[in-house]
Each structure stands twice: as C-alpha cells, then as structure tokens.
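Both of the next two complexes hold chain A, though its partner changes from chain B to chain C.
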Partner chain A sequence: MNGFEVAQHNSEDGITILRLKGFLDAHTAGDLEAALQKCIDEKKFRIVVNFEELNYISSAGLGVFMGFIEDVRENGGDIKMTSMTEKIFHVFDLLGFPALYDILKTDDEAVERFAQTEKE
Partner chain B sequence: MKLKLWKKAFYFLPALLFLMITGLDLLLFFVGFMPEVVRILRDFFLLSVILLLIPLQQLFPIFKEKKITLILRNIILLSVIAWAVFTVSTGHYHTLVATGSIFTKLSAFARNFLIGTLSAVLVLLLNLSIFALLKNLVLYKSKPSTLRNFRLLLIAILIFAVISSWSGVETFRFGTPFTATPFGLSYGAVLLLIFINATRTAWISFLNRGQKWRTFMLTPVVIFCSTSVMYGIRDSFIVEYSVVWAALIASFSAFLFAYSLFSGILLLLHLPTARIYDEKMIAIRSLQELSQSISLFLERSELMQKVTQLASQVIHSDFAWLEIYDARHDRFTLGAAVHLSEEEMSGLPLDTGDGISRWVLRNHDSVVANDAGSDARTAALREWKKEIGAVLAVEVRSNDRFYGVLFSANTSMYSFDQFDRDMLQSFADQAAIAFQNAHLLAESLEKERLTQELRIAREAQQKLLPRTMPRIPGVDVAGFSIPAQEVGGDYFDLKMSDDKLVVIIGDVSGKGTAAAFYMAEVKGIIDCLVDMHDSPAELLARANRVLYRGLEKNMFVTLLCAYIDPVERSVTFSRAGHSPMIWCPKGQAPRLMDSKGIALGLDSGRIFEQNTEEKCLRAGAGDFLVFYTDGLTEARNPQQQEFQEKKLLSILANRTFITAGELQDHIIAAAKEHMHIAPMHDDFTLVVVKFEE
Partner chain C sequence: MAKKVKTYQLKVPSSTDQLEIIREFVTGVARKVGFREDELNKIELAVDEASTNVVKHAYGYDDRKPIEIQLRVEPDQFVIQITDKGKGFKPDQVKKPDMKEYLAKMRVGGLGIYLMKTMMDEVEFSIDPGRKNMVRMVKYITPETVHPTRTVS
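And then the complex of A and B:
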C-alpha cells in the first residue's frame, strides 16, 4: 500500500524527467534521493519532477528537493515540478514552495521554461 | 490421633506374637513332646510374624536409601554379618549347648531357647533385610514387569515356605526341585523366579569405573557368605526350630547368591568398557553443566572461558581454545584458552588464510586432523607449537549466525575419533545457544538503556514547553502538545512582550530525536529574539536567517507568530509555512486566517522576507483564536483518512464554548475519537486563546 516508484525518462533536449508514483515519506525518500543523486552524478542538472501519480508527500519527501536544489542551481540547472494534484499542491503551497520553485501544470511547460532560460 | 495409636499397636504385634510362641515353646519343652499338628500351627504363627514384619521396613531409612553405592555397601555388610551369626550359631550350637561350655551355668532350656531362638531370629531378620535391599537394586530403572516379577518371587517364596512346613522336616532337607509334588513344584517356581529377578542389574551402568572395580572385587565375598548360609541351613538347628523360617532363609540367601553371581559376571563384562563409559558420563555431565551455565546468563567472557574449559574436559584434550569470529571486520580473535600460557596465547596463529578456522567458516564443517604433521591446514599451528599431533575443530553456529571455532588439540597423533568429534560438536551447539542467549540479553539491556535515555529526553523536552498558562487580564489561554514518539519536533510558547501576549507555534520537519534537537534550537532562537521585536514578520525573518545557517539542508521549520493586545483585542500575525490560525468571531462562522509565507530553512533570507506577510485583525469580546500543528489535521483513523481542517472548522462552527480549556479539550477528544485505535503518526499541538467578555 505504501509503495513508491521513480521512473526516469530522458528527453531529447537533455532534460531528465522523473515520474513519482505512490507514497513519498521518510521510508521512501531514500529512493528519490538516489534518483536525484544519479542525475547529478551523470551531470544532468535540468530535471523535471512529475507529481501526477504521487498520492502522498511528507516533510521528509519535501526535504529531498531542498537537499538537492542548491547543487543543481549552482550548476546552471533546476528542478521544476509539474502535474501536482490539488492535495499535493496544497502541501507545497502552505510551506511557501511556489516562491522558491517552479511549479507548473505540465511537463511541456517545464521543458519550455528550460528552453527560455537557455535563451536568456 | 486414633489411627496413629493403632499403627503403633500394629508395630508391636509381631513382637507380641513372637513372645506368645516362645511361651508355647517353653511349655512344650517341659512337656518334652511336640505333635506334628502343633509344629505346623506354630510354623503358621511364625510365618505371620514375618508377614507382619514386612510393612515395618518403612520405619528404617536404610531401606529407603536410593544411592546405589550405599545400598551395595549395606548388602555386603549385612551378608557378612548374617554369615558370621549363622556360622557361629550353627557350627558351635552343640558346643554352646553342650555341658561344660561357658553357658553350662545356664539351665538347659535357657541354653536352648536363648541361643537357638536368638540366632534364628537374627539370621532371619538379616536375610529379610538383605532381601529388602536387593529389591531396591532389582527395581532400579524398573519396567512395570520388574515389580510384578519381584512380587511373584516373594509370593513364591512364601508359598514354598508354607509347603515346606506342610511337607515336613525330612522333605525340606532332602527334597529336590521340579518333582511332581507340591514341594518340588514350589521349589522349582522359586528357583525360576530367582533366576528371572537376578538378571535385573541396570544399576551397574550407573557406577563409575572405580565403583565397578570395587564392587566386582567384593562379589566373591557375598557369593561365599550366601552359599554358606544356603547350603548350611538344611542341616542347621534352624530347621528344628522352624521349617518355615529355614525355608525363608534358604530362599533369601539363594536369591542373594544368584543375584551376586549375576552381578559379578556382568560387572566383569562391563569392566573393559568402563573407561569409555566414564568418559561419556563426564561428557554428558559437562553438557548438563553448560546448559545450566546458559540459564545463569553468564557474562560473555566468562561464558567463553567456561565453554572452552568444559570442552577440554569432555574429550580430554591437552589444549583447547575458542576462536571468535568478528563478522564486521571479517577476522578471528582468541575468545578463551585452557592449558596455554599467556605467551602461547599471544603467539597463537589466528586467521591464517589457509588455516583451520577459515576452512571451517567456508565449509560449515568440522575438522579432524589426526596426523597434524602432514595436514596443510595445521601447518601454522605446528609452527606455533611443534608438539601438536592431532587437532579437532568444530564450528560454533546457531541459526545461521557463525560465532567461531572451538579447537581441541593433543600431542599424540590419532587421538581423536568419531565420538570425540560428535561430542565436541554437540558441545559447540550448546555453546552457540549460550552465545545467542548472551547476545539477546545484551541487546535487550541496550534497548532498555535507550528507552531510559528517551524517557529522560522526553522529560527534558516537556520542560521546554510552558507548564502553566499565563494569567493575563482580558484573555484566557490554553495550550497542549504531545509528541508521536518519545520526543518530537512540535513547539509552542506563550510570552509577554510590552503588555502583549505573544503566541508562537511551530513544527520542525520530521519527528523523533532529530526533530527534537532542532525544536530546542528554535526555542532558544525565539527566546532571544522575542524581546527585540514587536513585529511578528520581523521576528520570523530574523529567526529564518539564524536558523538557515544551522539547519540541515533537507530540513525546515514552520512557525506561526501572533502578537495579541488583550486590551485593544487586536491581533498581528505572520505565518511561515505553518497551518493558518483559525479565528472564531462570536456568533459567526470560523475563518482560516491565511497569509503568504515561507517555512524557515528553505531560503537564506531575501525571498523569505519578500514573501512573508504580516496581517492584522481586530477581534471582539468572546472571540476565539485556534492555533494548531498539522499533527491535528493529518491525524489518521485506522482507514488512513485524515482529520482535516474541514472537520475542525465544523466543530468550531457547531458549538459554543465558554473557556479556552473547554474548547481545547473538545478538539482533543474529537481527534482521539477520529483516530480510534490507529497510532499517532505525527506530533500534535494545540493552543487556544479566548478574548474575555
């Protein structure tokens, strides 16, 4: 019941998309950490995290993004979040994440946003 | 009481009966004539004396003795005494009775009666006692049939005695067994049953080698004594005294003869294997001792010493040691050793790659190296100690956990056999259980210690929260906080700053010990800052700058801060990622007081400050303010459904409350009802403020 999965998908323009599924809490945060660490090790700093199939996120899950964002941004990349359900967005919103992270409707929007920053 | 008296009277009955018979004898002596009928009748009474004597045994502890060596000693002693009494009284009967002896001064009847009767009584009593003692030996480790056979023997002896009396003195003297007369048949039955019972010698197995030797050496004495009595009885005066008694004595001594003969033969057969048998017994005893040590929960090093020492006893090894496997560092260390000097112990070649302990670890098997000189695995050991001729090593393992290798070494080659290996292995298995127990005990002690530490931590953390509610004119305050585990990351405080009540509620991400440490840090920071600021947004901004540096990257803290003026009833508040407070204006629907804000620790300062609003509200008399952490709204029931803000708001909308405490208790009760039997999964804090009317 409390399973969690991260599916990695590399798009053509060098953007990595991570699809989260299930429950992201203290027990499963390690899996996401490993996935993000792998991106950084492979020098893939443009990361999109898709929340469409995520049912629950705890503070430990939120902490995973905070642990990596600095590293990623220093290397010219970003972690953009997409497709959150209303419930998940509420959690992020309450904590003020939207002021610090790009939270977008779709993966395409995120990819577009990466392209824009590239131009600038 | 009455019963006891009866019992005592019963004990005197044989003596009384015996005195009566002696009286009759006296009478008949003077008459000088004894008709056959009277003789048989007299025999019948004498038999009754014996039957009545049998239950008397219980009075003497000697017959209840269970220790074989003592039983044997008593039997040997009594047979010698019985023989001596019999020989002296029969051999010298006529001399004693004849005129001119030292007893001449006694009158004729006194000589006859005192000496004759007395020795007859003594010989019979001694033989009866021996028979009772033999019963203990026969019944040692008995089967149900054993007791039956022994009872049959006793019955056969009694019948034989009666028939002997009936058949007369001559028949008893010269009769042969297995003839078609009652006498011959009963005689035969007694011999048969003596033979059957005499083979019951299970006790021999339980003697040690020394005891077997000593007992064997003494059996000829018993055989001689019993034979003398058995053969002498027919021609003795006792037959004249009473055929019944003579028949009993003959039967008892015949049984003693047969039993000692059989025991002697069996002892002789046991003697060659006695040494091995003894070794086995020592091994079993050592195993028992080890099992007992296990239940005593010896300390680990003591346990290792005990195991090694007993192992060396078990298989008589010249040296023994225990190598303990350290799985974390993948190496062996010396656990304990016996018969080795300090110097030798420090020189022991532990963990040589091609050594025995590695071999045992790899192959999960024991090693018997009887020719140590030509075995590659023992090369290192031979280098360390040249005189080693044979090595035996077994693994100490329990439930897939490998504890180490138990070694036993001898100077002589080919000194270990299959039995030694099996014995040492079963010993090592016991030892493994002991180690496992010791390990579990240590674990549970450690757990106990941690529980104790956490209890102390909980008490310390409780002291960081307000223990009494401040009494401020104009407002009524209630606060409550409970961690999901022993300690937690929730925090609230109630302070006075310039006549204003400052309510701070917060939640450190995560729970448990890590969260608890940061909760203490948050409290310290807020305590320092609260007096320097009169704006909640400024206070939170400063706290964020301080905390951001000290907090771990993946942790954050949500805080809500409200400055309440109890006179003006104005509330200035700011929310840093925390659940918004609820304002319940009197008579109106409760409102979630949302405002923009970011949790502390997410941003180093600028974005935080730009995005954290400060808001103000003007309350009225009778209004309530409710502050809470997400432990309340996210409290789950057994179906994993959350309590949610909606439910909280509906509670506040549907009831009117008089005091802050009353409202607080009601919410807590509702949350508990919702959770039902589900465990708390997050810390839970609630603060309620009421503006008094």
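And then the complex of A and C:
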C-alpha cells in the first residue's frame, strides 16, 4: 500500500516542482521530508510544491514545510505552494500559513513570482 | 421511547501505518451518521491528530501497544473516544501555538491538540499514565452539520 507519492520535475529556469499525490500524514511525511532534503542537498532552493492531487494533510505534513523553509530562504530560495483544493487550503489557513508562505493558484504563477523576486 | 445509541470499536497497533485505517473507520461511521463533507473532513483530521499523538508521544512509536477507538452515535451527538495505556501528558500545559514563533524555532510538532479543539465541538482529556489515557471528542449532530436527508436512527 502506497498512499503517497512525490514526483519531482526540474523546470528550465532552475525551479524544482514537486507534485504531491495521495495523503500526507505522520506515516508518509517522511517521504516528503526526503524529497525536500534531496532538493537542499542538490542546492535546489527554488521549490514549487503542487498540491493538486493531494487529498489529505495533517499537522505532520504541515510540519515538514516548517522544518525546511528557513534553510531554503537562507539560501535565497523559497517554497511556494500551488493548486490546493479547498479542503487542504482550509487546514493551512487555520494555522496561519498564508501569512508565512506564498500560496498561489498555478505553477506558472509561482514560477512568475520567482522571476519577479530575481529582478528585484 | 428512548432513541437507540449505536457503538463501534476499533483496536489497532500503535503505528503510523494504521492512521489511514483509523481515518477510514471513523469517517465511514460519520458518513453513515449523515455528516456533511466539511464536517467529515474535520472529524477525519481530529481523529488523525489524536491518534498520531498516541503513536508518537504516549507510546513513543512502540507498535506492540494498542490504540482503541470507540465511537458512539447518540441522537444528538457523535462521540469519539481514543484510549491508550502509554505515557500521559498535562493537557493544561499545552499552549495554543504561535505560528511565527514556531517558524522561528523550527518546531515541527505540537499543532495536533490545537487542531483537534478547532475541529470538534468538545475535546477533553483524562490522563492516568500507564493505565488509561483517553481523549473524548464530540461533534454535535445538528441541521448545520448533517445532510437534510439524514435518516434518524
């Protein structure tokens, strides 16, 4: 039984897109942790996480992002989140994540946002 | 005539791979009660957070220990009781998390109880370490929380 998958896609402009699928709980959070750790190890600090096919998240899943964001930002990057369903967004919203993270509708918007930051 | 109370029970090893089974068990019964989709989502998350706390904190990932989940469908409320025999904790000392502070300190845990309290109408703990720790969570059955077509048991 494999309830969670992360697919990594490297875009041409040096942005890494992680597409999450399935459910993210205390059992599967380690897989996401490993995927983000791999990005850091490979010095890929501009990360987009796409939630379109994620159908469930608990605090264990949210915690993973909190564990990496500082490291990523210190290295001039960011973790931007896209394509959340209403159900998933509700959990992020409840914990005040929209004030701390860029949560966008599409991957394109996230890529655009990275491009803007670069110009500044 | 008094309305019937239905009870359901699940006992599983204390392991994170059981969380999916626990969620499906509880949401399955809650769906039968007639709860709306957003209420099912809240119940699912509250049960997951409570069970995760048992696996991680009460038993420290010892999968030989049991978690018991008891459900009671009463006429006007859905009661979830999650019981363990592990290490207890002091519920009064768990503070509402400050997200900015969390981020600054890179703390990654401790959000569970806050979420449980937000998701459910009542949450109470009774702690007797090593013997019986229990969290009791209640979701009211009201016209706002269930589908209008719900069949009354």
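We adopt the following convention: the second predicted complex is superposed on the first by the 118 of 120 C-alpha atoms of A that agree within 3 Å, B and C clash if a C-alpha of one lies under 4 Å from a C-alpha of the other, contacts with A are read in each partner's own complex, and residues count from 1 in each chain.
Following the convention adopted for this analysis, a residue touches a chain if its C-beta (ideal position, glycine included) is under 8 Å from a C-beta of that chain, and two chains touch if they have at least 3 such contacts.
Here the structure is a predicted model, which is why all the values come from computation and not from measurement.
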Check your understanding: So if we stack both complexes on chain A, do chain B and chain C clash, or do they fit?
Key -> clash
Check your understanding: When the two structures are laid over each other on chain A, which of chain B and chain C touches more residues of chain A?
Key -> C
Point to revise | Partner chain in contact with A:3 - chain B first, chain C second, else both or neither | key: second
Exercise for review: Kindly classify A:26 by the partners it touches after superposition: chain B alone (first), chain C alone (second), both, or neither?
Suggested key: both
Exercise for review: Based on the superposed arrangement, let me know which partner A:105 touches: chain B (first), chain C (second), both, or neither?
Suggested key: neither
Practice item. For A:73, decide between first (touching chain B), second (touching chain C), both and neither. Key: neither
**Study point:** Touched partner set for A:59, first chain B, second chain C, both or neither
**Key:** both
Practice item. Have a look at where A:95 lands relative to chain B and chain C in the superposition and call it first, second, both or neither. Key: both
Review point. Which of these chain B stretches, 165-173, 363-371 or 453-461, gets into chain C when the structures are overlaid?
Key: 453-461
Study note, to complete from the structure: Overlap of chain B and chain C contacts on chain A, residues 26, 59-60, 62-64, 66-67, 70, 94-97, 99-100
Practice item. Name, in rising order, each residue of chain A that touches chain B in their complex. Key: 26, 59-60, 62-64, 66-67, 70, 94-97, 99-100
Revision key, fill the gap. Touching chain A in the complex, chain C uses residues 16-17, 19-20, 23, 38, 41, 44-45, 48-49, 52, 55-56, 97, 99-100, 102-103, 106-109, 111-112, 114-115, 118
Study note, to complete from the structure: Given the complex, residues on chain A that touch chain C span 1, 3, 23, 25-27, 56, 58-60, 62-64, 66-67, 69-70, 87, 90-91, 94-97, 99-100
Review point. Okay, in this complex, where on chain B does chain A touch?
Key: 509-510, 553-556, 558, 576-579, 596-599, 601-603, 607-608, 610-612
